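I've put the structures underneath this note.
Both complexes shown next keep chain A, but they swap its partner, so chain B is in the first and chain C is in the second.
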Partner chain A sequence: MESAISSILFYVFAAAAVLCAFGVVAFRNPVSSAMNMALCFGFTAAVYFGMGAQFLGIVQLIVYAGAILVLFLFIIMMLDIKAEEHARKSFPLACIAVIIAGIFAGFVTKVAISLPGATVGECPAIVLCESIGELAPGTIAQKAETEGFAPYGSAMPELSPAAAAKALGADEATAAAATAFPDTKLLGQSLFTKYNIPFVILSFALLAGTVGAVALGRKLRKD
Partner chain B sequence: MTPLAHYLIFSGILFSIGLAGVIIRKNIIVVFMCLEMMLSAANISLVAFSRAQGVNGIPMYDAQVLALFIVAIAAAEVAIGLALIVAMFRARKSVESSALNTLKD
Partner chain C sequence: MNTILQWCDSVLSNEIWFYLLTTVIKLVLIFAVILAFVVLSIWIERRVAGWIQDRPGPNRAGIPLFLFKRFGSKEKQPLKNVLHFFGIPEDCWIARLCKWLRLDGEIPTFGLMQPCLDGGKLFLKQELTPKYVRKVYFTIAPMLVLGPPMVAAAVIPFASTVNTCYGEISMCVANLGIGPLWIFAISGLSVYGLSLAGWSSNSKYPFLGGLRASAQLISYEVAMGLSIIPLLMMFGTLNLQDIVQFQADNGWTLLPFWGEGLSVQRWAMYAPIAISFVIFVTCVFAEANRTPFDMAECETDLVGGYHTEYSSMKFASFFMGEYAAMVIGSALVVTLFFGGWSIGFGADAALSAWNEWVAVLCQFLMFLIKLVAFIFFFVWVRWTLPRFRWDQVMKLGWLVFLEVAVANIFLAAAILYFIQ
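Moving on, here comes the complex of A and B:
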């Protein structure tokens, strides 16, 4: 039941995000575009929460919908930009853009559907996905399903708080009693051990970005 | 759980709307917003794969770390890009992409 609700919520939020993305492209006024972008990022964050990636959802809200959007609005208001008189460059160009985007979306859909096992799962419309129960008995995928181990090519596995607690070093009894999934802890463990050096290098990229923005934002000297 | 393919299709649709926006729109600030949307669409498929590749009920956190790095890079990119747009506005008094035609004429 819980899974069915989360599955329906995914379709609701995904549809809302796609609508807001259309709004970003369609509105003439840049401020309306920016507001639609904020909504789009908010719905994307909701999709992250549905996937169990709470930390990334929060980061999406704070960094994209908070920081980046405010920066955009600052610049739009500072430069005092009027709505475009001709929102589209020309009709043929718009047609070409829609065709290119359509071909791209078609390819992505084709590749996503033909990935092994990618359509296994539950969803409101039966046509859209294969049911989990259809895994042939005795196959590797079915054996993995029953043992709670989902290798590539099987349905998206449920999160297991007990396994996560064990991975973080809890003893058997504590792990069995765990109910919440420690998403942030596991992400931090990966970030600060395996990816520590890239993380430090990234801070230099941010520093370079800040210095570059200040250097570009200065008034040019007249000599 | 929703099948992996649907997350990937959602991310693909968001990416292609962003791509269409980059081609259609004239206002460079809106073009830049569409670029941000494309980055965030790529993040969705990374997180979906991290769930699908999970072993023993624990997602592959490598993909989520990469998504976190992309968010940080996007923040740095926006800072520099908007500074460039301000510099362009000072030089041309416009943020339309058609104003950048020095090499054409």
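Moving on, here comes the complex of A and C:
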């Protein structure tokens, strides 16, 4: 019952997110595009919530929908909307856009395929739980907590035990253990121990971006 | 009768139905509390403003005694005339009851009728939508301001848990593991309403108001998020229900007088927590667009700010959204710093052991009392401090609060590490 509801909600939210993503491209008015993007972020966050990754979902809302997109809107509102609404068609630009989108789509597909058991069964979670079938219900969260996000030698973070338990149709004990899944704690642990170096490198990239923006802003003001 | 009871029993025994029913009841309750507090805080605002400025405040709105006056004459003692009209002696129990209810003069309402009449007035006003606005966004902007604070209320715990024979009820609509972050995220979304209102009005001053709103809300969100990190380090959890339980057992964050709160570490933590409190409360003011920080609707330089072009209930939605944000902000301050529903001094555990329902009721009342106290504080500040200048607001947010909040995190970490 619960698993059925959550998978129905998953498809509803995922479809809505894809629709809104199309809306971003289809609308001529830049503000409408930005609002569609905000809705798309919201639906993606809802998908995260459905999978039990509450922290990821809320960070998606705070960072993307609540801050970055508001700044987008801030800039867009200062543009001349009438000029933006006229269609600009350029074949080379479209070609470049298609190539970039194709590369990105391929990258995402590769990531999805390299999830544990993605090529073997229908749902990664089911295969994952069969491979650890000896484990008693409720110990998944414990095991995940002691060993970090990827305890089975995989490079990619696996699905949360909440999703795994729902996919297995597990009993209430597992579901209860899964709802108490400490995803904030796990995320912090894996970010600051296992994935610390990529995390720090990303922070430096962001810092460089910030410094660059400040430098550019200063230069403009001097002229 | 027996079959009905059996049916109720079977419905409640079903886990899903039990969960659904209790959630709907809690949802309605918290929604009613928030809406009632929006009205109540408008009343508090007017009364306290009158009190601070040494004037009576709203005192004309009252219950008209036309029923009494109709029977009697238009003299000053309508009750006496009514009694004479019916031939009732003046010292019988009916007359005494009427006197006890103070029906012999004007009924004292303490201005409580004023918010109701304000609401009625706003409903009846002409709805004027200017020709030049962008209709769709002009219409959804007020909804985007009023909606988020209502949704954000879902995670605020208003009492502890109750064990019934059908299962446990946690007195909080959604017992999420990410409580404060949920409130930050959802109430952060109200910035869309403000900036869209400013933009879609297609007029200069509202547009400036919208831009100011988005810049200010984003700036203060950063400092707000960073300021509570010392607290979260101490609590070790993000679940608001657990945070309040911790404070009930170990002393409120700002009044650690019982349990573990008497340890050296907690009192050493008092300095970073006090700094957090000052930053957090100021940021709540900025987030709720209250007066020292109401740059987005500053009359002196922006006419009315982002809601200049709005009228009737659309304007009222912005007004109510501001008060709802204030109520949620005070609820969050109470929950994080003043023990939420906790009665304090170890009384929670004793009451719960005696009777859980009584304990829950007392805790709910305690929460409401603290909430009213904080709303009073908000109003007090509004009518005491003058409005800042725009550049001062931005400077305070980015150059003072951000740095102090980051330094505060290191201070708290050092205290938690070195003082055991």
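The criterion applied here is as follows: the second predicted complex is superposed on the first by the 119 of 223 C-alpha atoms of A that agree within 3 Å, B and C clash if a C-alpha of one lies under 4 Å from a C-alpha of the other, contacts with A are read in each partner's own complex, and residues count from 1 in each chain.
Assume a contact is a pair of C-beta atoms (placed from the backbone, for glycine too) under 8 Å apart; a residue touches a chain by one contact, two chains touch by 3 or more.
Predicted model only: the values in this text are computed from it and were never measured.
Residue contacts after overlaying the shared chain place A:Ala67 against chain B and chain C alike. In the superposed model, more residues of chain A are touched by B than by the other of chain B and chain C. Once the two complexes are laid over each other on the shared chain, residue contacts for A:Leu79 go to chain B alone; chain C is not touched. In the superposition on chain A, A:Asn196 contacts neither chain B nor chain C. By the document's definition of touching, of the two partners only chain B reaches A:Ile113; chain C does not. After overlaying the two complexes on the shared chain, residue contacts for A:Ala38 are found with chain C alone; chain B is out of touch. Of the residues of chain A, those at positions 55, 59, 67, 71, 78 touch chain B in one of the two structures and chain C in the other. The part of chain A that touches chain B in the complex is made up of residues 3, 6-7, 10-11, 14, 17-18, 21-22, 24-25, 30, 33-34, 37, 40-41, 44, 47-48, 51-53, 55-56, 59-60, 63-64, 67-68, 71-72, 75-76, 78-79, 81, 84, 86-89, 93-94, 96-98, 100-102, 104-105, 108-109, 111-113, 115, 117-123, 128-130, 148-152, 155-160, 162-164, 167, 186-187, 189-191, 194-195, 198-199, 202, 205-206, 208-210, 212-214, 216-217, 219-220. Contact residues on chain C toward chain A in their complex (touch as defined above): 15-16, 137, 176-178, 181-182, 184-186, 188-189, 191-192, 195-196, 198-199, 207, 210-211, 214-215, 217-218, 221, 225, 238.
Interface residues of chain B facing chain A in the complex, by the touch rule stated above, are 1-21, 23-27, 29-30, 32-34, 36-37, 40, 43-44, 47-48, 50-59, 61-62, 64-65, 67-69, 71-80, 82-87, 89-90, 95-96, 98.
Interface residues of chain A, counted against chain C in their complex, comprise 1, 31, 35, 38, 54-55, 58-59, 61-62, 65-67, 70-71, 73-74, 77-78, 172, 182-184.
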